[in-house]
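In what follows, subunit A forms one complex with subunit B and a second complex with subunit C.
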Partner chain A sequence: MIRSTFSAISKFAQPTFTLQASTTYGVRYFGGDARLGEKEITERVVDVVSKYDKVAGKSVSPNSTFKELGLDSLDSADILVAVEEEFGIEIPDEEADKITSCLQTIDYIKKTPTAK
Partner chain B sequence: MASNIAAIKLMRPALVSATTDAAHRRTLKLYRNCIRSIPYLIQHFNLSYNMSDMRKRIRDDFVQYREVKEKNQIDRLAFIGETELFDAMSLLKTRSHVVNYFETKLAEETENETEQLLKKFFE
Partner chain C sequence: MSNQVLTHSQRVVRLYRKSLKNIRDYSEDYDMFLKNAQDLRSTIKERANETDQFLIKKYVKELEKFENFYQHPDPYTPCDAVNGSKWQRNIPPPLWAVNPYNHVLDK
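For the complex of A and B:
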(Lines of atoms letter the chains of each structure in order from A and count residues from 1; the text may use other names and numbers.)
(Lines give C-alpha, C1' and ligand atoms only; values in the text may rest on other atoms or scores of the structure.)
Protein backbone atom coordinates (compact mmCIF):
# COMPACT_ATOMS: atom_id res chain seq x y z
CA MET A 1 0.00 0.00 0.00
CA ILE A 2 2.65 2.48 1.10
CA ARG A 3 4.92 1.40 -1.73
CA SER A 4 2.22 1.85 -4.34
CA THR A 5 1.27 5.31 -3.09
CA PHE A 6 4.93 6.29 -2.98
CA SER A 7 5.50 5.19 -6.56
CA ALA A 8 2.34 7.03 -7.62
CA ILE A 9 3.56 10.20 -5.93
CA SER A 10 7.03 9.90 -7.40
CA LYS A 11 5.61 9.35 -10.88
CA PHE A 12 3.46 12.38 -10.40
CA ALA A 13 6.18 14.53 -8.88
CA GLN A 14 9.18 13.81 -11.05
CA PRO A 15 8.56 15.26 -14.47
CA THR A 16 7.53 18.72 -13.25
CA PHE A 17 11.05 20.16 -12.96
CA THR A 18 13.01 18.18 -15.49
CA LEU A 19 10.84 18.58 -18.54
CA GLN A 20 9.13 21.92 -18.10
CA ALA A 21 12.11 23.94 -16.91
CA SER A 22 14.14 22.99 -19.95
CA THR A 23 11.40 23.64 -22.51
CA THR A 24 9.66 26.78 -21.25
CA TYR A 25 11.46 30.11 -21.33
CA GLY A 26 10.93 32.89 -18.88
CA VAL A 27 8.98 30.91 -16.29
CA ARG A 28 10.95 29.85 -13.22
CA TYR A 29 10.08 27.06 -10.84
CA PHE A 30 11.06 26.78 -7.23
CA GLY A 31 13.76 24.16 -7.01
CA GLY A 32 14.00 24.14 -10.78
CA ASP A 33 16.86 25.42 -12.87
CA ALA A 34 16.82 29.17 -12.15
CA ARG A 35 19.63 30.07 -14.53
CA LEU A 36 18.99 32.75 -17.11
CA GLY A 37 18.46 31.97 -20.75
CA GLU A 38 21.28 32.62 -23.20
CA LYS A 39 19.21 35.11 -25.19
CA GLU A 40 18.39 37.18 -22.15
CA ILE A 41 22.03 37.23 -20.97
CA THR A 42 23.25 38.30 -24.40
CA GLU A 43 20.73 41.11 -24.61
CA ARG A 44 21.52 42.44 -21.18
CA VAL A 45 25.30 42.27 -21.61
CA VAL A 46 25.14 44.08 -24.95
CA ASP A 47 22.86 46.64 -23.32
CA VAL A 48 25.30 47.28 -20.47
CA VAL A 49 28.26 47.57 -22.84
CA SER A 50 26.47 49.92 -25.23
CA LYS A 51 25.45 52.17 -22.33
CA TYR A 52 29.10 52.83 -21.48
CA ASP A 53 30.15 56.41 -22.35
CA LYS A 54 33.04 55.63 -24.67
CA VAL A 55 31.06 53.10 -26.69
CA ALA A 56 28.36 55.63 -27.54
CA GLY A 57 27.69 55.69 -31.28
CA LYS A 58 29.35 52.35 -32.00
CA SER A 59 27.31 49.26 -32.76
CA VAL A 60 27.91 46.54 -30.19
CA SER A 61 27.46 42.93 -31.21
CA PRO A 62 27.85 39.93 -28.89
CA ASN A 63 30.99 38.95 -30.82
CA SER A 64 32.86 42.22 -30.46
CA THR A 65 35.90 42.38 -28.21
CA PHE A 66 36.58 45.32 -25.92
CA LYS A 67 39.67 46.20 -27.92
CA GLU A 68 37.63 46.51 -31.12
CA LEU A 69 35.36 48.99 -29.35
CA GLY A 70 38.37 51.15 -28.50
CA LEU A 71 38.43 50.33 -24.80
CA ASP A 72 41.55 49.89 -22.67
CA SER A 73 42.06 47.71 -19.60
CA LEU A 74 40.59 50.27 -17.20
CA ASP A 75 37.49 50.63 -19.38
CA SER A 76 36.94 46.89 -19.43
CA ALA A 77 37.29 46.85 -15.65
CA ASP A 78 34.59 49.54 -15.54
CA ILE A 79 32.33 47.48 -17.77
CA LEU A 80 32.83 44.34 -15.70
CA VAL A 81 31.83 46.21 -12.56
CA ALA A 82 28.71 47.46 -14.38
CA VAL A 83 27.94 43.88 -15.46
CA GLU A 84 28.39 42.74 -11.85
CA GLU A 85 25.84 45.30 -10.71
CA GLU A 86 23.42 44.35 -13.49
CA PHE A 87 23.44 40.65 -12.65
CA GLY A 88 23.98 40.96 -8.91
CA ILE A 89 27.13 38.85 -8.85
CA GLU A 90 30.78 39.35 -8.03
CA ILE A 91 33.28 38.26 -10.65
CA PRO A 92 36.45 36.99 -8.92
CA ASP A 93 39.73 38.61 -9.92
CA GLU A 94 41.24 35.64 -11.74
CA GLU A 95 38.16 35.40 -13.97
CA ALA A 96 37.90 39.15 -14.49
CA ASP A 97 41.50 39.30 -15.75
CA LYS A 98 40.72 36.74 -18.44
CA ILE A 99 37.58 38.43 -19.77
CA THR A 100 38.36 40.63 -22.79
CA SER A 101 35.21 40.41 -24.93
CA CYS A 102 31.42 40.39 -24.76
CA LEU A 103 31.34 36.70 -25.63
CA GLN A 104 33.59 35.79 -22.70
CA THR A 105 31.41 37.87 -20.38
CA ILE A 106 28.31 36.05 -21.59
CA ASP A 107 30.05 32.69 -21.16
CA TYR A 108 31.04 33.55 -17.61
CA ILE A 109 27.50 34.59 -16.67
CA LYS A 110 26.13 31.41 -18.23
CA LYS A 111 28.39 29.43 -15.91
CA THR A 112 27.28 31.40 -12.85
CA PRO A 113 24.07 30.02 -11.33
CA THR A 114 23.56 32.96 -8.94
CA ALA A 115 23.19 35.53 -11.74
CA LYS A 116 19.77 37.15 -11.79
CA MET B 1 47.98 51.71 24.00
CA ALA B 2 44.88 49.84 22.95
CA SER B 3 44.63 51.89 19.80
CA ASN B 4 48.27 51.06 19.08
CA ILE B 5 47.56 47.34 19.18
CA ALA B 6 44.58 47.83 16.90
CA ALA B 7 46.80 49.70 14.47
CA ILE B 8 49.38 46.90 14.47
CA LYS B 9 46.66 44.37 13.77
CA LEU B 10 45.54 46.38 10.78
CA MET B 11 49.07 46.68 9.40
CA ARG B 12 49.64 44.77 6.22
CA PRO B 13 52.92 43.76 4.61
CA ALA B 14 54.02 45.60 1.48
CA LEU B 15 53.49 42.86 -1.10
CA VAL B 16 56.03 42.41 -3.85
CA SER B 17 54.71 41.11 -7.18
CA ALA B 18 56.69 38.34 -8.87
CA THR B 19 56.46 39.72 -12.40
CA THR B 20 55.46 42.94 -14.13
CA ASP B 21 52.36 41.12 -15.32
CA ALA B 22 51.39 40.30 -11.74
CA ALA B 23 51.90 43.95 -10.78
CA HIS B 24 49.66 44.97 -13.69
CA ARG B 25 46.95 42.57 -12.53
CA ARG B 26 47.30 43.94 -9.03
CA THR B 27 46.63 47.48 -10.21
CA LEU B 28 43.59 46.33 -12.18
CA LYS B 29 42.30 44.61 -9.07
CA LEU B 30 42.83 47.81 -7.10
CA TYR B 31 40.97 49.80 -9.76
CA ARG B 32 38.07 47.38 -9.70
CA ASN B 33 37.92 47.56 -5.91
CA CYS B 34 37.93 51.36 -6.05
CA ILE B 35 35.04 51.41 -8.49
CA ARG B 36 33.11 48.89 -6.45
CA SER B 37 33.56 50.87 -3.26
CA ILE B 38 32.21 54.16 -4.65
CA PRO B 39 28.60 53.56 -3.47
CA TYR B 40 29.87 52.71 0.01
CA LEU B 41 32.00 55.85 0.09
CA ILE B 42 28.94 57.92 -0.80
CA GLN B 43 27.00 56.22 1.96
CA HIS B 44 29.70 56.40 4.65
CA PHE B 45 30.80 59.96 4.03
CA ASN B 46 27.47 61.40 2.92
CA LEU B 47 28.95 62.66 -0.36
CA SER B 48 26.95 64.52 -2.97
CA TYR B 49 29.00 63.82 -6.11
CA ASN B 50 27.95 62.30 -9.36
CA MET B 51 29.07 58.69 -9.48
CA SER B 52 30.56 59.08 -12.94
CA ASP B 53 32.55 62.12 -11.79
CA MET B 54 33.98 60.10 -8.91
CA ARG B 55 34.83 57.28 -11.28
CA LYS B 56 36.55 59.75 -13.56
CA ARG B 57 38.58 61.21 -10.70
CA ILE B 58 39.81 57.76 -9.67
CA ARG B 59 40.52 56.86 -13.26
CA ASP B 60 42.60 60.01 -13.74
CA ASP B 61 44.76 58.93 -10.82
CA PHE B 62 45.51 55.66 -12.59
CA VAL B 63 46.01 57.25 -16.01
CA GLN B 64 48.44 59.71 -14.48
CA TYR B 65 50.92 56.86 -13.89
CA ARG B 66 50.36 55.16 -17.22
CA GLU B 67 54.03 55.61 -18.17
CA VAL B 68 55.37 53.78 -15.13
CA LYS B 69 56.78 50.49 -16.38
CA GLU B 70 59.13 49.43 -13.61
CA LYS B 71 57.79 46.67 -11.39
CA ASN B 72 58.91 48.12 -8.08
CA GLN B 73 57.45 51.50 -8.91
CA ILE B 74 54.10 49.94 -9.83
CA ASP B 75 54.14 47.96 -6.58
CA ARG B 76 54.83 51.08 -4.58
CA LEU B 77 52.00 53.02 -6.23
CA ALA B 78 49.62 50.07 -5.85
CA PHE B 79 50.48 49.80 -2.17
CA ILE B 80 49.79 53.49 -1.64
CA GLY B 81 46.48 53.16 -3.46
CA GLU B 82 45.45 50.08 -1.53
CA THR B 83 46.28 51.75 1.76
CA GLU B 84 44.32 54.87 0.86
CA LEU B 85 41.29 52.86 -0.18
CA PHE B 86 41.51 50.69 2.93
CA ASP B 87 41.74 53.74 5.17
CA ALA B 88 38.75 55.36 3.50
CA MET B 89 36.62 52.22 3.63
CA SER B 90 37.44 51.39 7.25
CA LEU B 91 36.59 54.96 8.30
CA LEU B 92 40.15 55.81 9.36
CA LYS B 93 39.76 58.83 7.10
CA THR B 94 37.27 61.56 7.92
CA ARG B 95 34.82 63.14 5.55
CA SER B 96 37.10 66.07 4.82
CA HIS B 97 39.89 63.76 3.62
CA VAL B 98 37.60 62.12 1.10
CA VAL B 99 35.98 65.39 0.03
CA ASN B 100 39.43 66.89 -0.42
CA TYR B 101 40.43 64.00 -2.65
CA PHE B 102 37.44 64.40 -4.92
CA GLU B 103 37.61 68.22 -4.90
CA THR B 104 41.22 68.44 -6.09
CA LYS B 105 41.17 67.72 -9.78
CA LEU B 106 44.38 66.78 -11.50
CA ALA B 107 46.28 69.51 -13.35
CA GLU B 108 45.06 69.02 -16.94
CA GLU B 109 41.41 69.14 -16.02
CA THR B 110 41.56 72.42 -14.11
CA GLU B 111 43.34 74.03 -17.06
CA ASN B 112 40.63 72.83 -19.38
CA GLU B 113 37.93 74.17 -17.13
CA THR B 114 39.50 77.62 -16.90
CA GLU B 115 40.02 77.63 -20.65
CA GLN B 116 36.38 76.83 -21.16
CA LEU B 117 35.36 79.59 -18.78
CA LEU B 118 37.56 82.08 -20.61
CA LYS B 119 36.14 81.00 -23.93
CA LYS B 120 32.63 81.52 -22.66
CA PHE B 121 33.66 84.90 -21.31
CA PHE B 122 35.12 86.06 -24.62
CA GLU B 123 32.13 84.85 -26.58
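For the complex of A and C:
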Protein backbone atom coordinates (compact mmCIF):
# COMPACT_ATOMS: atom_id res chain seq x y z
CA MET A 1 0.00 0.00 0.00
CA ILE A 2 2.64 2.42 1.06
CA ARG A 3 4.81 1.44 -1.81
CA SER A 4 2.04 1.91 -4.35
CA THR A 5 1.04 5.32 -2.98
CA PHE A 6 4.68 6.32 -2.88
CA SER A 7 5.18 5.35 -6.48
CA ALA A 8 1.97 7.13 -7.42
CA ILE A 9 3.08 10.28 -5.66
CA SER A 10 6.58 10.11 -6.96
CA LYS A 11 5.23 9.83 -10.50
CA PHE A 12 3.38 13.12 -10.25
CA ALA A 13 5.14 15.14 -7.61
CA GLN A 14 8.65 14.73 -8.80
CA PRO A 15 10.46 18.01 -8.49
CA THR A 16 12.51 18.85 -11.50
CA PHE A 17 15.78 20.63 -10.94
CA THR A 18 16.72 22.55 -14.02
CA LEU A 19 19.39 25.18 -14.15
CA GLN A 20 18.18 28.42 -15.58
CA ALA A 21 20.17 28.83 -18.74
CA SER A 22 18.83 32.32 -19.33
CA THR A 23 21.52 34.06 -17.23
CA THR A 24 24.01 35.73 -19.50
CA TYR A 25 27.00 34.98 -17.30
CA GLY A 26 26.43 31.22 -17.00
CA VAL A 27 26.82 29.09 -13.92
CA ARG A 28 30.02 28.82 -11.92
CA TYR A 29 30.68 25.80 -9.76
CA PHE A 30 32.52 25.63 -6.45
CA GLY A 31 35.00 23.03 -7.61
CA GLY A 32 35.46 24.47 -11.06
CA ASP A 33 37.77 27.07 -12.41
CA ALA A 34 36.90 30.14 -10.37
CA ARG A 35 38.24 32.66 -12.85
CA LEU A 36 35.92 34.70 -14.99
CA GLY A 37 35.61 34.07 -18.68
CA GLU A 38 37.01 36.52 -21.18
CA LYS A 39 33.59 37.31 -22.62
CA GLU A 40 32.12 38.18 -19.24
CA ILE A 41 35.10 40.36 -18.29
CA THR A 42 34.88 42.20 -21.60
CA GLU A 43 31.15 42.80 -21.22
CA ARG A 44 31.44 44.10 -17.69
CA VAL A 45 34.45 46.34 -18.36
CA VAL A 46 32.77 47.88 -21.40
CA ASP A 47 29.63 48.33 -19.29
CA VAL A 48 31.54 50.14 -16.53
CA VAL A 49 33.39 52.38 -18.97
CA SER A 50 30.28 53.27 -20.96
CA LYS A 51 28.43 54.28 -17.77
CA TYR A 52 31.02 56.96 -16.97
CA ASP A 53 29.37 60.32 -17.47
CA LYS A 54 31.99 61.76 -19.83
CA VAL A 55 31.64 58.78 -22.18
CA ALA A 56 27.86 59.16 -22.47
CA GLY A 57 26.77 58.99 -26.10
CA LYS A 58 30.00 57.50 -27.40
CA SER A 59 30.21 53.88 -28.47
CA VAL A 60 32.69 51.96 -26.35
CA SER A 61 34.36 48.87 -27.79
CA PRO A 62 36.86 46.60 -26.01
CA ASN A 63 39.59 47.93 -28.29
CA SER A 64 39.06 51.61 -27.57
CA THR A 65 41.69 53.46 -25.57
CA PHE A 66 40.82 56.01 -22.90
CA LYS A 67 42.40 58.74 -25.00
CA GLU A 68 40.09 57.97 -27.92
CA LEU A 69 37.13 58.35 -25.60
CA GLY A 70 38.35 61.79 -24.54
CA LEU A 71 39.45 60.81 -21.06
CA ASP A 72 42.53 62.14 -19.29
CA SER A 73 44.57 60.49 -16.54
CA LEU A 74 42.26 61.64 -13.74
CA ASP A 75 39.22 60.21 -15.55
CA SER A 76 41.00 56.93 -16.08
CA ALA A 77 41.78 56.88 -12.34
CA ASP A 78 38.05 57.33 -11.74
CA ILE A 79 37.24 54.48 -14.09
CA LEU A 80 39.81 52.18 -12.50
CA VAL A 81 38.30 52.78 -9.06
CA ALA A 82 34.90 51.87 -10.54
CA VAL A 83 36.39 48.73 -12.12
CA GLU A 84 37.93 47.79 -8.78
CA GLU A 85 34.50 48.13 -7.15
CA GLU A 86 32.88 46.07 -9.90
CA PHE A 87 35.28 43.15 -9.67
CA GLY A 88 36.15 43.34 -5.97
CA ILE A 89 39.89 43.68 -6.52
CA GLU A 90 42.58 46.22 -5.78
CA ILE A 91 44.79 47.37 -8.63
CA PRO A 92 48.18 48.47 -7.28
CA ASP A 93 49.36 51.94 -8.29
CA GLU A 94 52.23 50.68 -10.45
CA GLU A 95 49.82 48.60 -12.53
CA ALA A 96 47.22 51.34 -12.63
CA ASP A 97 49.74 53.73 -14.18
CA LYS A 98 50.23 51.38 -17.13
CA ILE A 99 46.55 50.86 -17.86
CA THR A 100 45.40 53.25 -20.58
CA SER A 101 42.80 51.28 -22.51
CA CYS A 102 39.88 48.89 -22.12
CA LEU A 103 41.98 46.03 -23.48
CA GLN A 104 44.71 46.53 -20.86
CA THR A 105 42.05 46.60 -18.13
CA ILE A 106 40.60 43.34 -19.43
CA ASP A 107 44.07 41.78 -19.58
CA TYR A 108 44.81 42.77 -16.00
CA ILE A 109 41.54 41.30 -14.71
CA LYS A 110 42.15 38.11 -16.68
CA LYS A 111 45.39 37.67 -14.75
CA THR A 112 43.72 38.28 -11.38
CA PRO A 113 42.38 34.98 -10.01
CA THR A 114 40.33 36.59 -7.22
CA ALA A 115 38.26 38.82 -9.49
CA LYS A 116 34.59 38.23 -8.77
CA MET B 1 60.10 50.07 -7.78
CA SER B 2 60.22 52.12 -4.62
CA ASN B 3 63.41 53.82 -5.75
CA GLN B 4 61.75 55.21 -8.85
CA VAL B 5 60.97 58.91 -8.77
CA LEU B 6 57.36 59.63 -9.61
CA THR B 7 56.44 62.21 -12.20
CA HIS B 8 54.17 65.03 -11.10
CA SER B 9 51.10 63.64 -12.86
CA GLN B 10 51.68 60.16 -11.43
CA ARG B 11 51.91 61.64 -7.96
CA VAL B 12 48.70 63.61 -8.36
CA VAL B 13 46.82 60.66 -9.86
CA ARG B 14 47.91 58.40 -7.02
CA LEU B 15 46.88 60.94 -4.41
CA TYR B 16 43.56 61.37 -6.22
CA ARG B 17 42.93 57.62 -6.34
CA LYS B 18 43.81 57.27 -2.67
CA SER B 19 41.54 60.10 -1.61
CA LEU B 20 38.70 58.71 -3.77
CA LYS B 21 39.06 55.47 -1.85
CA ASN B 22 39.12 57.35 1.44
CA ILE B 23 35.87 59.04 0.49
CA ARG B 24 34.42 55.66 -0.47
CA ASP B 25 35.40 54.19 2.90
CA TYR B 26 33.70 56.99 4.80
CA SER B 27 30.54 57.09 2.66
CA GLU B 28 27.53 55.31 4.04
CA ASP B 29 25.78 55.13 0.70
CA TYR B 30 26.61 55.57 -2.95
CA ASP B 31 24.93 58.97 -3.33
CA MET B 32 27.14 60.41 -0.61
CA PHE B 33 30.19 58.96 -2.32
CA LEU B 34 29.19 60.40 -5.70
CA LYS B 35 28.57 63.86 -4.27
CA ASN B 36 31.86 64.06 -2.39
CA ALA B 37 33.82 62.50 -5.25
CA GLN B 38 32.28 65.04 -7.65
CA ASP B 39 33.38 67.86 -5.34
CA LEU B 40 36.92 66.54 -5.21
CA ARG B 41 37.09 65.98 -8.96
CA SER B 42 35.79 69.42 -9.85
CA THR B 43 38.32 71.06 -7.50
CA ILE B 44 41.17 69.12 -9.05
CA LYS B 45 39.94 69.78 -12.61
CA GLU B 46 39.83 73.50 -11.89
CA ARG B 47 43.42 73.43 -10.72
CA ALA B 48 44.71 71.13 -13.46
CA ASN B 49 45.72 73.90 -15.87
CA GLU B 50 47.67 75.93 -13.33
CA THR B 51 51.12 77.06 -14.51
CA ASP B 52 52.35 78.99 -11.48
CA GLN B 53 54.96 76.80 -9.78
CA PHE B 54 54.25 78.21 -6.34
CA LEU B 55 50.51 77.52 -6.62
CA ILE B 56 51.11 74.02 -8.01
CA LYS B 57 53.23 73.16 -4.99
CA LYS B 58 50.60 74.59 -2.71
CA TYR B 59 47.80 72.61 -4.38
CA VAL B 60 49.71 69.33 -4.22
CA LYS B 61 50.42 69.94 -0.56
CA GLU B 62 46.74 70.61 0.04
CA LEU B 63 45.77 67.38 -1.72
CA GLU B 64 48.32 65.49 0.35
CA LYS B 65 46.92 67.02 3.50
CA PHE B 66 43.38 66.08 2.46
CA GLU B 67 44.47 62.52 1.74
CA ASN B 68 46.24 62.18 5.09
CA PHE B 69 43.44 63.73 7.08
CA TYR B 70 40.70 61.52 5.60
CA GLN B 71 42.44 58.19 5.93
CA HIS B 72 39.97 55.67 7.27
CA PRO B 73 41.03 53.72 10.40
CA ASP B 74 39.45 50.53 9.06
CA PRO B 75 39.39 50.83 5.27
CA TYR B 76 37.78 48.34 2.94
CA THR B 77 40.41 45.98 1.56
CA PRO B 78 39.68 43.32 -1.06
CA CYS B 79 40.59 39.80 0.08
CA ASP B 80 43.72 39.39 -2.05
CA ALA B 81 45.15 42.87 -1.54
CA VAL B 82 47.78 43.73 1.06
CA ASN B 83 46.30 43.30 4.57
CA GLY B 84 43.21 41.61 3.10
CA SER B 85 41.94 38.40 4.68
CA LYS B 86 43.43 36.25 1.90
CA TRP B 87 46.73 38.11 1.64
CA GLN B 88 49.65 35.62 1.69
CA ARG B 89 47.29 32.80 2.76
CA ASN B 90 48.47 30.10 0.43
CA ILE B 91 46.17 30.70 -2.51
CA PRO B 92 46.82 28.26 -5.35
CA PRO B 93 48.86 30.00 -8.03
CA PRO B 94 46.97 31.07 -11.14
CA LEU B 95 47.05 28.59 -14.03
CA TRP B 96 48.66 31.05 -16.43
CA ALA B 97 51.61 31.30 -14.04
CA VAL B 98 52.02 27.55 -13.60
CA ASN B 99 51.63 26.50 -17.21
CA PRO B 100 51.40 29.42 -19.59
CA TYR B 101 51.37 27.20 -22.70
CA ASN B 102 48.28 25.18 -21.88
CA HIS B 103 45.82 27.71 -20.65
CA VAL B 104 42.04 27.71 -20.90
CA LEU B 105 41.88 31.31 -22.00
CA ASP B 106 44.27 30.69 -24.90
CA LYS B 107 42.08 28.04 -26.51
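Assume the second predicted complex is superposed on the first by the 90 of 116 C-alpha atoms of A that agree within 3 Å, B and C clash if a C-alpha of one lies under 4 Å from a C-alpha of the other, contacts with A are read in each partner's own complex, and residues count from 1 in each chain.
Everything that follows uses one rule, which is that a residue touches a chain if its C-beta (ideal position, glycine included) is under 8 Å from a C-beta of that chain, and two chains touch if they have at least 3 such contacts.
Just so it is clear, the model here is predicted, and its values are computed rather than measured.
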Superposed partners subunit B and subunit C on subunit A - clash or fit: clash
Subunit A: partner with more touched residues, subunit B or subunit C: C
Partner chain(s) touched by A:Asp93 [first = subunit B, second = subunit C, both, neither]: both
Touched partner set for A:Leu103, first subunit B, second subunit C, both or neither: neither
Contacts of A:Glu38 with subunit B and subunit C, given as first, second, both or neither: second
First (subunit B), second (subunit C), both or neither touched by A:Ser73: both
Touched partner set for A:Val81, first subunit B, second subunit C, both or neither: both
Which of subunit B and subunit C A:Pro113 touches, first, second, both or neither: second
Where subunit B runs into subunit C (options 1-9, 55-63 or 91-99): 55-63
Set of subunit A residues, in rising order, touched by both subunit B and subunit C: 73-74, 77-78, 80-81, 84, 93, 96-97
Subunit C contact footprint on subunit A (complex, rising order): 33, 35, 38, 73-74, 77-78, 80-81, 84-85, 88-90, 93-94, 96-97, 110-114
Parts of subunit B lying in touch with subunit A, wherever the complex brings them together: 24-25, 28-29, 31-32, 35-36, 52, 55, 59, 62-63
Parts of subunit C lying in touch with subunit A, wherever the complex brings them together: 1, 9-10, 12-14, 16-17, 20-21, 24, 37, 41, 44-45, 48, 77-82, 84, 86, 91, 94-96, 104-105
Of all residues in subunit A, those that touch subunit B in their complex: 53, 73-74, 77-78, 80-81, 84, 93, 96-97
